[in-house]
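Input: structures, listed below.
Look for subunit A in each of the two complexes below; its partner is subunit B in the first and subunit C in the second.
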Partner chain A sequence: MGSERMNAVGAFLRDRLPLSHFSYEEMVGKKLVPVHRMSWGYYFGGLVLFFFLVQLGTGVMLLFYYQPTVSDAHASVEYITKHVGGGALIRNLHAWASSCMIFCLFVHLLTTFAMKAFEKPREITWISGVILLMVTFGFGFTGYLLPWHQIAVNATKVGLQSIEEAGQYMPGALADFPRYVKELIQGEAAVGQATLSRFYALHVVILPLLTFATLGLHVLMVQLHGMSQGVDHPTGKTERFFPFFLLKDFSLWGLVFLAVITLALCLPFESLFAYPLFEPFDPLGSTPEGIKPEWYFFFLYYPLELLPFWVVMLAMNAGIVLLLAVPWIFRRSSRRTLSMIAAAAALYLVTMTLFGDAIYTFFKGVPG
Partner chain B sequence: MVNSFFFIGLPYIAVFSLVAGSIYRFKSERFSYSALSSQFLESKKLLWGSVLWHAGIMIIFVGHLIPFLLPGLWQSLTSQPAFVVAVEVLGVAAAFTALVGLVVLFVRRILSRHIQSVTTPVDLVVLALLIVQILIGIQTAAGHRWGSMWSVQTTTPYLWSVLTLQPDLIHVDSLPPTVKLHIAVAWIIIMLVPFSRLVHAFSLPIQYLWRAPQQVIWTNARRIRHIAPVIRKAEESRRLFLKGALGLGTAGGLLTVGVMDKLVRFFSGPNMTPEEQAALLQKRLERLEMTAEERDLELERMRNDYIFVANLKELSPKDGKYFIDYQMRPALAYRDTTGLPLLISAKCTHLGCTVASSVDASGRILCPCHISYFDLKTGMPQPGSPATKPLPLLGWALMDTQGNILVSQAPDGRREGEVPADKLEASMVYIAKRYEETV
Partner chain C sequence: MTPRRFLPAAIAFTLALPAYGYPEFQQFVKKNSGRGTNCAMCHVHPDGPEGLKPGQIGSLSTEELNQLNRARAAFEPGQNAHNPILNAFGDSIINTLGKTKFLQIRLHPEELPEALGDTSDLDRDGIPDSKEYIAGTHPLDDSSGEPASLFLINLRRYAFHLVMMVVATGAGLYGLNAMLHWFDLLMSSGRDKDASEK
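For the complex of A and B:
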């Protein structure tokens, strides 16, 4: 009995970690990419990786001039944008690529879900992907604070405050726990130097390291297991991963890079907001109007504004658990069903992101 | 007189020759209305000659055509110095590309035994004319800058005057001899088009860009069986490889140049004037001072039992004064209707934004983040606001100028001491540590 169970564990691990495939031939040389009507979905993971590399490059460059102190952060960002040669481009690129990365990540999540790429034995790929999603949101949230302008600090305050809000639903002595967590993240009673230092450390050291590890596992799993079939009824057509798919992948990267660099050259990311939001944070002044998180948090932010706090918190936590458990919950679902769920999720994300403000205005009578 | 011939007579002869000659040749020898392929006679040099020549001349042709067809657009574009430099560099590069191609083609025509047997004198004349024309063009670009700018005022109106049958020499009269020669040779080449291989330009073989590859080879029945599959495979992969390598090479090259340029500039740091440096330094100093002030406030709050907020007479019932409470949170100070201070936290109980200071007609203050109205007297949020908890009121103490506490009030409203009517106006408002701790 005991050894049977051990064998089962062994078989489970062997299926998930097919290290016998760990060879150039298996992982690259002979790898095939299925060709079907959803094949475009295979490119989005690569795009996320590409944008991550852009973030890495531009991020390291920004590190040369950025100074993570309350007194100097804003001035150093301004210095990069106004005085350093190519600085504005690098900074814009960092801002635009971050948004592009998160957009592609959303698409990647939805397509891999619809294509049932999480199916046994690819659970580890899926879970590492969900972790990467969280880490990327972490990047977005911590990076937003670093320029230390009005919108940065105030949006961070709002974001952190929502942790504290959870306290009202905790019984007795636990009620103070969320505030404690918030102050642990913040490092002090209010968002200040301690917060900036912490977010800086998270943004440039801890989260990148976490990403390298998780991404390494994620990509290794993708290569070990090969591409998932992607559709319920495979067409039988395939193309070779090397060099054909990879060449297409790289050409796409090139095109996308051209597009992002054009965007970064022509349209400063900040031009999408009113200027006063980019004045240095003033701890003594009142909060300016129009404080909002980045667009990729709208799907969470507007419900938070409209619905009772506990509903959103519950939904969010359920969502995370659901995401992690996807490979087991949807084990028997057809790709047709999964596609419909993914389409519904996409519809929700698009609606909240594009029309969240209008919905808020509709219900509350004033612009959010 | 000479001018009239070359710039009025010759153009009409050339255009007439082009139209009439083309129609005649197309009617009489339809299948000669192309260039005779010599690929199967010699293909290696042809690749480098033909591809370079055609790539170069197409760019140059477009570059000559746009200022002629869209002079307005072109003029606005060339008002940007960067555009002029870019377009001229591109043009000269294309000219050299075309020149190299032409020279290869010319050498091939005169050196290859096979090719000579199919070469007509007109082929050589046309090749030579084209080489000369390109050399003149390069000389024009180098010697008479910037052609992309002055052409809109000179050659474009001239060409339009010829085209609209109102030839006007005034636009070309004062041009340098090199440019005039360039125009004249152009008319001669146009004149020769129908009598040479140049007619193939009109067949506009656009589908070459995406049609399957073809290669003309010597063959016979035995040979074809033997090599056909090999050729097909080789061609396919070579074509793919060439396309991929060309695309990646060009893109990679451009990318490297661009990225290196930015990298070098970025890491070499800014190039600032002393004034800019001074302004920047001043700004940074101001920020440091601001931070120092904040730190000062913090220290003061750690050490002192009372913190000065304002002189009572400075406070108004309509517009609050911001100050920082013992927890380093923003707060607002007002004077209520009885003339006593009213201190209230300015940290919104919803999500912690700072509440605005002005009081509206119904005695409310507003948090602008998510539109929460708070009653100033009680701190209670208006029903329906995102905030549900009241803004806490703060305790205060009034001191006279000697530092004696006249009267103080706890956050819950309990008051110690009596309000001295005579000393009220001169008194000063403080917050007290003992009250903060109970909040």
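For the complex of A and C:
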């Protein structure tokens, strides 16, 4: 009985970690990429990696000047923007690339789901991808606070407050748990120096290390298993991963780089917001209007503002569990069904991101 | 009343006034642009002139208070007054219009852009201060401006840089293409050699 179980575990791991494929020939030289109507979906994973590399490069440059203290953080960001040669470009590139990275990540998640690229033996690839999604949201949340301006601090306060609010729906001693979590993240009674230090450490050390580890596993799995079939009826056409697919990938990176650097050079990210939001945070000053999280949290933010808190929290936690269990829950679903679910999810994300404010105004009578 | 008598009377009246800002302008900008704005468009402190914080009246030194009084008496345009509670845009409004005209316009804040004209661009972002006022963006911050206008202005400004970037990226991709093909040939010739040896 015991040996049977061991054999089953061994077989499971052999299928998921085909280390016999761990060679240049198997992973690169002989690797083939299917060509079909959904082939464009294969490029989004590479784009996420590209934007992550941009974030890494520009983030390291910003580190040379950024000061993680409540007294100097905003001034150091101002200094980078106004006095450091190329500083405004680097900072804008960091801001634009972060948004582009999350956009590509959403598209990558949905296309991977619709193409059923999570099915056996690619469960580890899917789960590591979901972990990378969470880590990327972590980057977004922690990075938002670092400039220490009005929107940064006030939006972080709202985000942390929502963790504490979960306590009222928990039984007995568990009710205090969310407050402990909030205080652990916050580091002190209110958002202050301890919070900034923690977010800084998370943003520049812990999350990047976690990303390297998870991304390494994710890319290794993609190379070991090769590209998934992607469609129900393969065309039979393929192209070699190296050098043809890789060159197309790099060419797309080049085009996207030109688009993002044009945006970074010509359209300051801050111009999309009202200027009072970027003034240094003043704990004694009045809170300006329009405090909101970044656009990629709107799909959570507007429901939180409109629906009872417990409904959104329940849906969010169920969503995370559902995402992690996708390879098992949808293992018998057809690609047609998966495409319809992905389209519905995309519609929800687009509607909440673009029209969330209008929906909020419609129901509440005042702008969100 | 002759101008000689009017001026001291006006100064005395102005000095006797409490130090309120002129919220009519802010209210107009918010309503017109739909953007959140605050007193920092014209004042040093975002919460306005009253208070003890830096840039507010309660924080001023004696010399700065004298400066404030001189600036409040700048009834005619072009007096180059510097008011310690106003920022460069606030000063520029008073120096362009003069306090007398400014107080008249206060009742019609929509007329301020026309009175200011299109020549001044204090932050040099390419958008005149008067247009920034209408759009509710900051006239002293070059990263604040109506996004579409800012994009087109900067696109023209950095056209050469962008062309050079396109050339560099194209050249880089061309080199990468050649390098990867060369590497592929190298690896496949190695494979062929191994196969023939076997």
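As a convention for this text, the second predicted complex is superposed on the first by the 368 of 368 C-alpha atoms of A that agree within 3 Å, B and C clash if a C-alpha of one lies under 4 Å from a C-alpha of the other, contacts with A are read in each partner's own complex, and residues count from 1 in each chain.
Just so we're on the same page, a contact is a pair of C-beta atoms (placed from the backbone, for glycine too) under 8 Å apart; a residue touches a chain by one contact, two chains touch by 3 or more.
Every value quoted in this text rests on a predicted model; they were computed, and no experiment measured them.
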Clash or fit, subunit B versus subunit C on superposed subunit A: clash
Which superposed partner A:162 touches (first subunit B, second subunit C, both, neither): first
First (subunit B), second (subunit C), both or neither touched by A:4: neither
First (subunit B), second (subunit C), both or neither touched by A:87: first
Larger contact residue set on subunit A - subunit B or subunit C: B
Subunit B versus subunit C as contact partner of A:154, first or second or both or neither: first
Partner chain in contact with A:247 - subunit B first, subunit C second, else both or neither: both
Identified clashing stretch of subunit C versus subunit B [45-53, 117-125, 135-143 or 171-179]: 171-179
Shared subunit A contacts, counted only where both subunit B and subunit C touch the same residue: 243, 247, 250-251, 254, 257, 261, 284-286, 288-289
Complex interface listing, subunit A residues touching subunit B: 61, 64, 69-72, 74-75, 79, 83-87, 89-90, 154, 157-158, 160-162, 165, 189-190, 192, 243, 247, 250-251, 254, 257, 261, 280, 283-289, 291, 305, 364, 366, 368
Subunit B - residues contacting subunit A, complex: 244, 247-248, 251, 255, 258, 261-263, 265-272, 276, 280, 283-284, 287-288, 290-291, 294, 322, 324, 327-330, 346, 348, 350-357, 367-371, 386
Contact footprint of subunit C on subunit A as seen in their complex: 24-25, 29, 81, 88, 242-243, 246-247, 250-251, 254, 257-258, 261-262, 265-268, 270-272, 274-279, 282, 284-286, 288-290
In the complex with subunit A, residue positions of subunit C that touch it: 35-38, 40, 46-47, 53, 136-138, 141-147, 150-151, 154-155, 158, 161-162, 165-166, 169-170, 172-173, 176-177, 180-181, 183-184, 187, 191
